[in-house]
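Going in written order, the chains are labelled A, B, C, D and E, and every chain counts its residues from 1.
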């Protein structure tokens, strides 16, 4: 049981995940790495949402043969489930578009494979 | 130049997020919970389901789940739309 | 098209994956899980088949048209269940207290009863059907595209 | 009829969804049945929106609690906190709803013949209806996470539709830029929602507005909301993806995407006025929005002057017209703190900005559709290759002239009426802003004259000797918008009194929005 | 009829005034030169050079406002260079916007 967590460790981890994914989004020109960065950003946000709902020493909010004790908050878990599925859908569409970009221009570098500018 | 600007703004954003996460948010493990207490307490007789998360997903916030299923449907339709008629294009060209 | 050992093992394993996925879908209102999770489990089995056999082989048994019809019907069942309660309110859980899935469990910890949950198990099944059809359609389309196959309209 | 009125907020969202799920099955019966179903459902949604609007202007805010024992009971079971998702439709929401219903119906009629030669029409119409439903959800919902979900629906369907012509590389590139920007913006928005949920343990806009304290986390959340929503509206300096994406889509899709960016702008207003409202009694946010508006107007129009791709040219003009709305509403936001300034010119400024949304939502889709008509006949978007098309495409020429005069703010067309309000009220706030706004309007007229001259006038080019007028459905689609422009031009006071000022007051009056949810609870 | 803090706008009055002005202009034009021969005087005069074919006489789009663009090069060159169509740069702008706005809100304070 992690009753006494020093300095909100999971929230800090979520913030750092968001920061690292922004580093990837800014500095990585490879489109696949860009999509990986968006996936990391989504996992950071999901970690933050799920960490919001944790209650010290709580069980999963399911009454089937649950032991005594408090229950963690159910709503953030539902939000996280929704956001995970949304992220899956977005990633699928992005990867499809990267496949098509590669078919058309022959590379997946965001600088070499661009046509529209100015 | 671009690298320097990117790093600076990135560090500013990370600093604000981390300060917010460390100082201003509630201590981890002790969240404010009036809605969730109501749901945990009433879910069994209102939605007749043992799994409170399922009752939130499909009853209390079922509209979000409809939107979520719609997003999946949208993405699948979009993928099948974008990956269509490739052979025909290659035949033409 | 991998070796014969892999194909035989996949042929055996797909049964267990299907059964486990269906269990996760069916017990979504009692245990952790639900439509999305169970559907993802079954789609992992489809991906295993796609790896073991080639996409041409799989296209013979699973066609995109069938998959899209399955997905649309799943979505229609879901939104239809939501519409069915519109006499009171959209998304009203109208099956609570009725003989089908209508039993109300005792408050507090209990062993669990499959006939509870109102519309939640039905919605789980609809969502599971939709997720299975949709994600397998995406995976199959990508595999067919990268192998240069024709993707039907 | 009365029950239909009660259920109309959810039916407006759910009917396009259900029809979109139904289309892959219906399309077995052939294309005609599918198109008829699409047009019929959109017309029915338009009818529902109109009766709902009439009731809202008479009786005030409608709420719809999903899954409760009674739809209009926001707080079932006597709890003090809204548990379920609540749709809250006030005058501002229904204002956007009227615009969106009309433009989507118009674009659907237009696409009947504009898309006739393309493949994959079934999935095209499915995604269009999903986009309609998603934007209606964004407009009508009163729940932050629900707003995020519908924002994602709109973004994903929009990205797939932008990349519809996959045989061109630039279409796929535009779609990819749109989906990446939308995904990052959506996740930032979700992070902000999580920050608010961590403090107040609620997701309902009305309840959050009643307990908002404007603490540090609220400031971070406000920043995330602002940036993640304004990047979807193409605000300078976050506008660079906007022309790339909007210029490669089919014209009817671009006409709808313009209104989706207006819906994101509506979400910004909702967050600034209804969620934070008076608690941010600082002029800083208002000045940020005003300066953003000036930059947006000026950079957009100056970048548009030398464009030669007609759709790209109009996309930059869409950016620059957004600046007027930011300017007007920003002035109102800056004086939200002191009531007498708000009464003298702040309300007029916000009203001018919102009236400009209405006008822009009529003439910018009209111009995009005329550009699509040019593409339909000449199969190119390059203005350098066009010329002398006015000899054969006379109706398109007339509609283009109407749109041009309206966007340039030439009296007596409606563009002038809204710009007049913005000039007058902004002048009292700060004269320099009004001068810049008029300069931008002049450059707009000049650049549209350029496009007019190079596309329509001049001698008949040999390659376009036998080009014909576009088919009837496209002319009907454009004609509906032109008729709206003419009506708004002749009766601006009527529209302003009955549609625009109620929306303005609904934005300013935060207490009414909160009471719509919290009922009698103090 | 729109009432604004300092003025009003009534389109119908404006249209009537415009029609009256058009009529006056038409009458003035009626009293103009009668000996105008349409076929001859409406032709383009090219210093006696041979008549160009259609399409060559049409002024293309990129020629219009060329001087405007040349005159404002100091503004245009950096602005266009800022519009690199690279997606990473758009995200840099987004991050910079977040940083700037959050700093302004943090300094400006509030209630």
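Rule of thumb we're sticking to: contacts are C-beta pairs under 8 Å (C-beta built on N, C-alpha and C of every residue); 3 or more make two chains touch, one makes a residue touch a chain.
Predicted model, so just to flag it, every value in this text is computed and none were measured.
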Q: Check every other chain and keep only those touching both chain A and chain B; list them.
A: C, D, E
Q. Where the contacts of chain B and chain C overlap, which chains show up?
A. A, D
Q. Within the chain touch network, how many edges lie on the shortest path between chain B and chain D?
A. 1
Q: Please state whether D-E or A-C has more C-beta contact pairs across its interface.
A: D-E
Q: Average the C-alpha coordinates of each chain, average all protein C-alpha coordinates together, and give the chain whose average is closest to the overall one.
A: D
Q.
Going by average Cα coordinates, which chain is farthest removed from chain C?
A. E
Q) Centre-to-centre on C-alpha atoms, which chain is most distant from chain B? A) E
Q: Mind checking the centre-to-centre distance between chain B and chain E? Centres are C-alpha means, answer in whole Å.
A: 44
Q.
Can you work out the whole-Å distance between the CA centroids of chain C and chain D?
A. 36
Q. Cα centroid separation between chain A and chain D, in whole Å?
A. 29
Q | Of all residues in chain B, the ones touching two or more other chains | A | 6, 10, 13, 16-17, 20, 25, 31, 33, 35-36, 39, 44, 50-51, 53, 55, 57, 59-68, 70-80, 82-86
Q. Could you say which residues in chain C touch two or more other chains, in rising order?
A. 30-32, 68, 71-72, 75, 79, 82, 90-91, 93, 105, 108, 110, 112, 138, 142, 145, 153
Q) Listing for chain E: what residues touch at least two other chains? A) 80, 83-85, 87, 89, 91-92, 95, 98, 102, 106
**Q.** Interchain contacts (touch definition) - all pairs
**A.** A-B, A-C, A-D, A-E, B-C, B-D, B-E, C-D, D-E
Q: Would you tell me which residues of chain B are touching chain D in their complex?
A: 16-17, 19-20, 23-26, 31-36, 38-39, 42, 59-64, 66-68, 70-71, 73-75, 77-82, 84-85, 88-89
Q. Okay, in this complex, where on chain D does chain E touch?
A. 173, 176-177, 180-181, 184-185, 188, 214, 216, 219-220, 222-224, 226-227, 231, 237-238, 240-241, 244, 279-282, 284-285, 288, 299, 302-303, 305-306, 308, 344-345, 348, 383-384, 386-388, 411-412, 416-417, 420-421, 424-425, 427-428, 446-447, 450-451, 453-455, 458-462, 489-490, 492-493, 496
Q | Touching residues on chain D, where the partner in the complex is chain A | A | 145, 149, 152, 156, 159-160, 163, 166, 169-170, 172-176, 179-180, 183-184, 186-187, 190-191, 194, 197-198, 243-244, 247-248
Q) For chain D, which residues count as touching chain B in their complex? A) 17, 20-21, 66-67, 77, 79, 81, 83-85, 119-120, 123-124, 126-127, 130, 133-134, 137, 145-146, 149-150, 152-153, 156-157, 159-160, 163-164, 166-167, 172, 175, 195, 198-202, 215-217, 220
**Q.** Residue ranges of chain B in contact with chain A within the complex
**A.** 3, 6, 10, 13-14, 17-18, 20-22, 25, 27-31, 33, 35-36, 39-40, 43-44, 50-53, 55-57, 60-61, 64-65, 67-68, 71-72, 74-76, 78-79, 82-83, 86
